[in-house]
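What follows is a set of structures to go through.
Both complexes below contain subunit A, partnered by subunit B and then by subunit C.
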Partner chain A sequence: MNGDALRDYRRFLARASFVEMAARERARAILDAGSYRELLGPFDRIKSPWLPMQGIVAQADDGVVLARGTLDGHPALVAAIESGYQGGSIGEVSGAKIAGALELALDDCRRGRPIWPVLLLETGGVRLQEANLGLAAIAEIHAAIIALRRLVPVVGVIAGAVGCFGGMSMSAALCSRLIVTRQARLGMNGPEVIEQEAGVAEVDASDRAGIFRLIGGEQRHAAGLADDLLEDDAAAIAVAVRAAFARGSPPLERSAQVGRLAERLASADPQRPPAADSLRRRWNEGAPS
Partner chain B sequence: METIELDYPARQPVARRVHVGVVGSGDLEVLLEPSPDLRAHVLITTSVEGYGVVWRHVLDRFFQRFDGAASIEINDFGATPGMVMLRLEQAAEGLRE
Partner chain C sequence: MSVHPNLSHRGRLWFEALTGTSSGPGSSDNSGDGVRDGTAGSVRVADAALGSEQARFIAVVPDVHNRFPRARGGEVGLDEACALAVCVRDTIAGDRDGARRAIVAIVDVPSQAYGWREELLGIHLACAAAADAYASARLAGHPVIALLVGKAMSGAFLAHGYQANRILALDSPEVMAHAMGRQAAARVTRRTVAELQVLGEKIAPMAYDIRSFARLGLLHRLIEDVNADAPGQGDIARVRAELLGAIADARAGATDLAARLTSPAARQLRAASIEVRRRLAEQWDGA
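Coming up: the complex of A and B.
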């Protein structure tokens, strides 16, 4: 074994996996040590009123962890979604928690006390059992991100293993800077949903390698839909989040580049869908660095 | 879905709150906090019905060693008895940290 490989595997073993952390640990891992303060925690018991009516046990925090703290001493807000509970789905309460926290951060920013907002996205999207109430909350999250990012960068992280889907994939797309790992997936409909709706000829959800070539973190980064591609390392992700704020807001937010995005869509022929690598080449042409 | 309430004698007050676990497949969430009296109260909400006797056995065994006056809320999503015991002990350990 040569020296590099030896160092690499030692570094690999020494790292703390972010993917394996629960939402609360993730929020702690991002914020400055000792600065973590949770808002509406499990003992506040702000939980879903709708799930028990449908015979489903509700979690005391509805699957969203909100934490105030600091990043390099600067006031910050982290909203972390717990993917182990109902697939990280966004219901009325969990969605309102995120939207409400972002709106309070917006108030602070407007009063000249900027808060750095970080979204740790690990979600299948809207919680189907709460339907329109969840969708309405997701719309509020979108509106809050757009209002906030005029004043301060909004940073999103998709680490995996669930990924980020549905309405919340739009939240990811609205972020000023999006950080992903290779274990991340980002898309509107998940592969199982597409297979169920359009048939196995469209997408084979059991083809793991194929799915990642299509919607995995590496592909999304190469196609210019995510900004940083990182190893699954909590310390590296915490550094990248700080670097994203240090960099400041982009001259033009990715989701505001409507002309460029429309051109991209128009250039793809749905009858002859582009392969993963040709999509990377085509979509990265003229991409801002 | 089923709820089960259990009560146990306790000897010493509990000083803090501890939260562990996730309401995810095969897992559970435990919220442990000081109880208003010098007894322990357990409120279980579980997705699996008909296992009241097994729950009582698991909690009886836990309270053979744990004597804190705690209100314990358990939100369960089909955890095995072993998993339940691990989470309870993790919560008890959190009290000592």
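Coming up: the complex of A and C.
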């Protein structure tokens, strides 16, 4: 092994996997050491009122960890979704935790006390057992991100392995800056749902490599739909989050670049859709660095 | 490509009834029917008087010739979401220095488009752009009203209607709101459609019917006793009056979505949403 390879290998062994961390560890790994303070933690016991009615055990934090703390000394808020509980799905309580925290951050920003909001997105979307209340909460999350984004960048991270789907994929698209790893997947409709709705000829959900070529973190980054592509390394992700805030808000948020979106769609022929790699070349021109 | 046997014409019907535009059923002649040059034929836009107000009406309608095969049944696909974003942003830009027009989203959308082309080309961003545009209009002082006349489903509703200041709905069995269509939700949750129906009767947020949705406190008004499929002049006049009432209420209120948590219905069935916010505010600044 030459020197570079050995150094890379040692770095690989030394890194802490972010993907393998639970939501609480992830929030701690992002915030400055010693600054973590959880809000509405498990001991507050605010659980889903709807799951026990369906014979499902409700977890005491409803699968969302909220923490205040600092990033390089600046006040920050991290909302981390726990994919190990109900697939990271958004129910009434977990959704209200995210929306409510962003609304309070907005109040603080308006009073001249800016707080840096970070969303650690790992979710299949709406929790179908709470259907309409999950969807309503996601609309409120969208509203809060859009309002807050005018005052402070909102930074999203999709690390994997679940990825970010459904209405929450729109939340990811609304973020001022989106950080992904190669293990991330980002899509409106999960492959299983597309296969069920449109048939296996439309999408083969069991073709793992094919799915990643379509909606994986590397592809999304290369096509300009995510801003930073990182290795699965907690320290590197924490650095990238800080860098995103240091950079500030983009001149025009991605979801407000309507002219660019219209141009890109107009140039796509649904009868002869571009291959994933040619989309990278075509869409990455002029993408924000 | 199979023809959709159950295309809903409600969205087009109410768009034409409220704006005085017409195209005739199944017409492919797009002149004078609210289709903007350079945008999807499945998105209809027209300005029309509403009392003393001038309002912009927007609807997504089925288009069997849609260039994206998965978006021919009135779904919000890539082109539809983009067209929504464009026309709402045009409205904001047009009123920048003057009175903010009301924006009425006529909602009859069975789902977002499910397909691999849609995922590849980033339908999540297109839908986010639409939601962003509607929310930006609301924040800019436009009263944004969603009028549910058919299905209001999932990502399609998030892109078209759910960012409104006020949500109105016709009280009709075909008016529904949900996170996922019945068949798909049954498959994903490994239940039968009949089991889902029973659960919906017990658990209000899981129900599909609009009366159950109204119990969640998310509606400004449920408009009763209107013929949703063949409205007469009286029905149309009633809906106009309700739209005007909602617009006035929106103009008098805040530009955020807080009103959705204040009704007596919300205090009952969204009690947890309110409690989370109350306890969060208590803990926000620490001891």
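Convention: the second predicted complex is superposed on the first by the 286 of 289 C-alpha atoms of A that agree within 3 Å, B and C clash if a C-alpha of one lies under 4 Å from a C-alpha of the other, contacts with A are read in each partner's own complex, and residues count from 1 in each chain.
In this text, a residue touches a chain if its C-beta (ideal position, glycine included) is under 8 Å from a C-beta of that chain, and two chains touch if they have at least 3 such contacts.
This one's a predicted model, so the numbers in the text were calculated from it and none came from an experiment.
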Side-by-side fit of subunit B and subunit C on subunit A, or clash: fit
Partner chain in contact with A:43 - subunit B first, subunit C second, else both or neither: first
Subunit B versus subunit C as contact partner of A:170, first or second or both or neither: second
Vertex subunit A, arms to subunit B and subunit C (CA centres, degrees, nearest 10): 110
Subunit B versus subunit C as contact partner of A:128, first or second or both or neither: second
Touched partner set for A:20, first subunit B, second subunit C, both or neither: neither
When both partners are placed on the shared chain, which of subunit B and subunit C touches more of subunit A: C
First, second, both or neither for A:84, with subunit B first and subunit C second: first
Touched partner set for A:59, first subunit B, second subunit C, both or neither: first
Contacts of A:72 with subunit B and subunit C, given as first, second, both or neither: neither
Three-chain overlay, closest Cα atoms of subunit B and subunit C, distance in Å: 15
Subunit B and subunit C footprints on subunit A, overlapping residues: none
Sites on subunit C touched by subunit A in the complex: 38, 67-70, 78-79, 82, 85-86, 89, 112, 114-129, 131-133, 135-136, 139, 154-155, 157-159, 162-163, 177-180, 184-185, 187-189, 199, 202-207, 213, 216, 218, 256-257, 260, 269-273, 275-277, 279-281, 283-284, 286
Subunit A - residues contacting subunit C, complex: 37, 39-40, 44, 46, 48-50, 53-54, 66, 68, 92-93, 95-97, 100-101, 103-104, 125-126, 128-140, 142-143, 146-147, 150, 166-167, 169-174, 186-189, 192-194, 196-198, 202-203, 214-215, 223, 225, 253-258, 261-262, 264-265, 268, 270-271, 273-274, 276, 279
Interfacial residue positions of subunit A with respect to subunit B in the complex: 22, 41-43, 52, 55-60, 82, 84-86
Touch list for subunit B against partner subunit A, complex: 1, 17, 19, 22-25, 27, 29, 31, 33, 45-47, 73, 75-77
